[in-house]
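Paired with chain B in one complex and with chain C in the other, chain A is shared by the two complexes that follow.
And now, the complex of A and B:
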């Protein structure tokens, strides 16, 4: 699995991120680190404990990471979620959280598959 | 209706009560007056009878007195002893006959008669008669002659010698009883009354009328017995008691239904009593006649009063009903007005929501693609269009009262039909896409793209029609909008513009079609209940079209779809359209709609291009390849996205594979292309042109390729990267991954970065460092413990020479309010994520070198 294929599977924009990071090596390095990023867990925990302020920040962070890594699909859902939580809880937030979860897991699955194909 | 029945019930009850009261009062009056008249008649009868009986008894007294005095005169003129006995008797007889006496006799003290003339007499009740005469009194009595006829005997004391040497005690003269009854008119035929003369034991002296018994008391008993004899004995006793004391006795005998007035009085010269009886039969008849009349009058009066009451009642009911109806009408009107208001509000909010959706959606897309300038521009253009529309609508809200009161005026200005259609299409696009509907725009024969019209109103009309089409067309249905022009009958200054909006939606029933242009109507069937909206839209649409002097027609069939056809005569704009001419390139237009192809080719020809068209991707590829082989290739190819078989992107890929990269391939689509942009670019699409394809759309879409000629645009030249060697940057960022990326990127520019995990650490690190150690701070905004805003304010508040170092915000948000807030907090600039090296180095260069 190539990095491009991984990006296609994640719904990311490989060309755009390559334009900014300029090398597959960097992209690969950061993408692999994305799996360990705690923001997603923070989001889930905050939503579960009804701490919507923290959940907003977590969603916002995920959004920022996605922007940096060009993870377009997850960016879109996390962006919408952070808007839904910007001024406290709104009913849409639950559905959007599910969307983020789905997109996140797709992204993580793609990255893991990519990681596995690296043979490490 | 409930509140209507209550007064009605009350009125009916009162009517019945008043009627009953009426009947009662009149009945009572009739009864009472009958009673009163009976009493009055009784008392009148009594007065009359006592007068009558007095008169009778006086008459009797006078008559008897006269007769007795005649007998006395006989005795005086022929005094005993004055003449010879025989002569005396002869004179007596002569005188008595002359005076009309029928019998004359001498009466002895022992009660025997010596008849002078006439027949032998017998006294019926001799004892009292004899006693009185022996007592030297005048007296009368009843007797009978030899034939048994009844006679009245009148005796006067005298002493004539009788045969046998006796002396008589009295002279008795007799006349027929009929004489007395005739004289006294006792049996008054045809009169009201009749009278009897009776003795104290009840036996009749003189009977009259229908009396046939010997004793009056028996008669009374008999009469009562025939009917109901309980009172007879009481009356007889009372009568006898009155006779004993010599008083008059008066009573009313009630015998069955008949009333008789009875008056009994003692007669002079005798032991007789006069009984006067007046049966009320005749009077009763009069009285009952009177009371009948009374009753009739009462019933009549009652009926008149009741009729009057009924009349008043029904009139009142009628008036009340009328008032109720008017009230109900007013209530309905008020309810309708109220409903109109609330529905208008909800309608307005729906109208506002539509462009708002576009703005929010486009903003999200732009935010997500903030680095993609072309995309952002595209989004911003659509946001601007929607925003403009929204602003217009909000102005309309303030203006809406004018429409309601029919005072709407049109603000005529110059309108570009192309811009209008662009705007509308971009507004409805999100909805169309959400419902996966097939959306065709077909524009042809546009002779005047700029017209004079009220743009807001025209927008409103088209948007109303279009959003209704989207609303009432199910998922994967089709919506077709056409715009074309033809010469106007109003002259060269005008152009007749047709707008057709057709959908394959649920359609409308004929009944609904008749009232669709009324306010607040929406087909009320189950199928449309899930669809939002109030129905004011069509009324407004119709009103606007009417105000513009146009017509709107509707063809619809339930289940098949609807077509609205708006025809407007619009004034051509005097402003000249830009001189749109492009080089005479060969072009290929690929679209599955033949009419669109033809109309596009016509538009292209009008701006100087030679164009051919085809209906599908496969033929397009073969045509292009054919021309390419002849070295007369197309300069530009326009591809529709949605094509049968091979779609636009596949076709482009195929064309690129066969023809190379040199020919610009443009995608035309009525849909928002942000979703397919990456894929399309990957397939070799150079650019996009959005439907509707106006002449100007084509011109502005194709012009960028004029300069480039037949080559694709050069990639932007690589910027000279700035050198930041030795610069120290403090970067506040809570997310490690983001930090690493930033560190990685910025380190490549030669600068050194220190990481602060949050705002507080950032301030601490900055404070701990020697003044001038850091050249700048890059500040994330959303951090735990202390935000970027607070950290900036804290740094700016420090008493250090380098407290005013450049602080640049980095955030995932790109809203202007965020930017403003950054500046307010004391930051110098703002860059949005993802971190773009060029942007960062440009800003750093600017602030570090200043």
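And now, the complex of A and C:
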């Protein structure tokens, strides 16, 4: 699996990222790091414990990372979720959390597949 | 330009991935320092300050957000010297506006573009470096210009004096005095908000106080005798004429120097009581600039020779001013004059242009001091970094709770080991109100520590303070040794403290136990004789004129209790009696077991002591199980035998002996008839050694 194929599977925009980061090496390095980022787990935990302020920050952080890595699909859902939580809980937040979960797991699955194909 | 060290950039973002991307984009050219929330960022800014060339700052973060960091940077004026570039996905214009208002230099929006990030960072750092250099150059030029300005004013005012037939020194003296008085005044009070800049302006403008005299007829100006009332009326106009001249200047109307000179010209003949001229202003309605110059003018007129009078001495002049012979002045200023008397006497004679330039230089230096980072050279920074490395190395090696406190922003930084030990973060904002800190140390203790540090002075800044800390559910005593830090300016300001906390709980407890053991009788828990004697002597010494009484008693037939029921029973009787004794004495009384079955009581009394003694005596008598407790007691009042302890003890002992011989079960006061009596206990000179004898060997001796 190439990096480009990985991006296609994640619903990301490879061309746009390459335009900004300017090197395959950098993109690959950060995409692989994405799997270890704790913000997603923090989001789920905060939602579960009704800590919506923390949940907002976690969603906002995911959004920021997705912007930088060009993960368009997850960017859209996490961005909507962070707006839904900006001033505390709103009913849409629950559905959006599910969307973020789905998009995140898709992205992680694609990255893991890509990592496996690197043979490391 | 040779690059000897890399510029340092602080990246503040709660996402590690985002920090890593930025760090990578900036590449090898810079040293990157990272913080994952606002609080950490403030701690790093506090620690590294001017070493940082740039801050890249996220907005939404836990603990403290980006705006909080900007607020703190503004409060401490760090924002003047360290540029901030805001990073954010927030594109709302209200966010951007607020950030710019708080002083950020630029924005980088997510997603990051490597080229843009790199270029913005390079540009901002270059811009600031240039700006710092320019600030330095401008300061130099201002200084040069000010020097020339002073020269012009000197020439101008000298012309006025020349016409006045004065020496030319008057302007110089008034200026020196004005500056001395203002400096003193600004140390004494904040009422007039005198900054070094304002003092400098008033001092310079003071030279112009008499320019109005240029319009006064020379005959009036230089008339040797007393002026007629008409002449005086003309003379008085020099105030308004001078002010008008300044007011009608075609340019520089709003220059602070011109404004201050106007105040001085117009009002330097006003009086604090409102009886001066031209406007009859009263009290602080007269600008402080004019008040000070008026006093300086009068003082110098008194101590200088004039066509109509010889010079007065410094002492005479000050006395005449204080007596109100030359007008009325602000009492604060009169204090300044008196307090500065020595400097003035010595200073006026010797004041030369060179000294004045030196003072001026000092002012500029003080101004520059606010931008001290300008002067921080490469080498200074390297030394600083070296010291810091040394410090953190040793701090990590010693397992100690070390801390650094800064008053503004109110913040405590703890050594890594200390933070873990106390269960706090390494940085705690506003510690006097932090929940974590208050759970650890009670409000009044921390307030006490704060007070102790505040009341130090730069010469003696070290405080040793013992207090309990609640560590993991246990209350333990710690000794805090701290050094308050004071600013270098005058008057010195309290800026914080450094120090460490040492666990002294075990040694303190041990000491306490030892003290308890050394001072108390182990069987009854009463004081022992040696310690009681010490307390009694202290009491007498603290209030030597009060009346006291010393009573000694023992138990009748105690030996038979021991013999009949055994020593354990005897011990229980003694414990019982001690408890009765404890209950019957008053709070301030001293009770002790002298040894064996003998006890002593030391009482302070105002009126007749007998009722007190009688009540205690009655309460001691009774039974313990089958044993009837009967007591013999001898009492010696200080009113009769004086306050010497041995004499007192001996007299009580003799009284007790008298009771013993007279049939026991009573109390008696010492009187002269007992002088030749033997001792019931032992000879006084070996009294204390005898106390250690076991109870059964002493008991109730036959007479």
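Please note the rule applied: the second predicted complex is superposed on the first by the 120 of 120 C-alpha atoms of A that agree within 3 Å, B and C clash if a C-alpha of one lies under 4 Å from a C-alpha of the other, contacts with A are read in each partner's own complex, and residues count from 1 in each chain.
Criterion: contacts are C-beta pairs under 8 Å (C-beta built on N, C-alpha and C of every residue); 3 or more make two chains touch, one makes a residue touch a chain.
Being a predicted model, the structure only gives us computed values, none of them experimental.
Going by the touch definition up top, name the partner, chain B or chain C, that contacts more of chain A.
Counting contacted residues of chain A, the larger count belongs to B.
Check whether A:20 is in contact with chain B, with chain C, with both or with neither, and answer first, second, both or neither.
The answer is both, since A:20 touches chain B and chain C.
Touching A:60, do we find chain B (first), chain C (second), both, or neither?
both
After the superposition on A, what does A:68 contact: first (chain B), second (chain C), both or neither?
Both: A:68 reaches chain B and chain C.
Does chain B (first) or chain C (second) touch A:39, or do both, or does neither?
In the superposition, A:39 contacts both chain B and chain C.
Counting only touches as set out at the top, which of chain B and chain C does A:30 meet: first, second, both, neither?
It touches chain B and chain C both.
Pick one for A:89: touches chain B only (first), chain C only (second), both, or neither.
Neither chain B nor chain C is touched by A:89.
Shared contact residues on chain A, chain B side and chain C side combined as an intersection?
16-17, 20-22, 26, 29-30, 33-34, 37, 39, 54, 57, 60-61, 63-65, 67-70
Name, in rising order, each residue of chain A that touches chain C in their complex.
Interface residues on the chain A side: 16-17, 19-22, 26, 29-30, 33-34, 37, 39, 54, 56-57, 60-61, 63-65, 67-70.
Given the complex with chain B, which residues does chain A contribute to the contact?
Against chain B, the touching part of chain A is residues 13, 15-17, 20-22, 26, 29-30, 33-34, 37, 39, 54, 57, 60-61, 63-65, 67-70, 72, 75-76, 79-80, 82-83.
Inside the complex, what are the residues of chain B that reach chain A?
Going through chain B, the ones touching chain A are 364, 367-368, 370-372, 678, 734-738, 740-742, 744-745, 748, 780, 782-784, 811-813, 832-837.
Can you list the chain C residues touching chain A in their complex?
Interface residues on chain C, with respect to chain A: 13-18, 20-21, 24-25, 58, 60-62, 89, 110-115.
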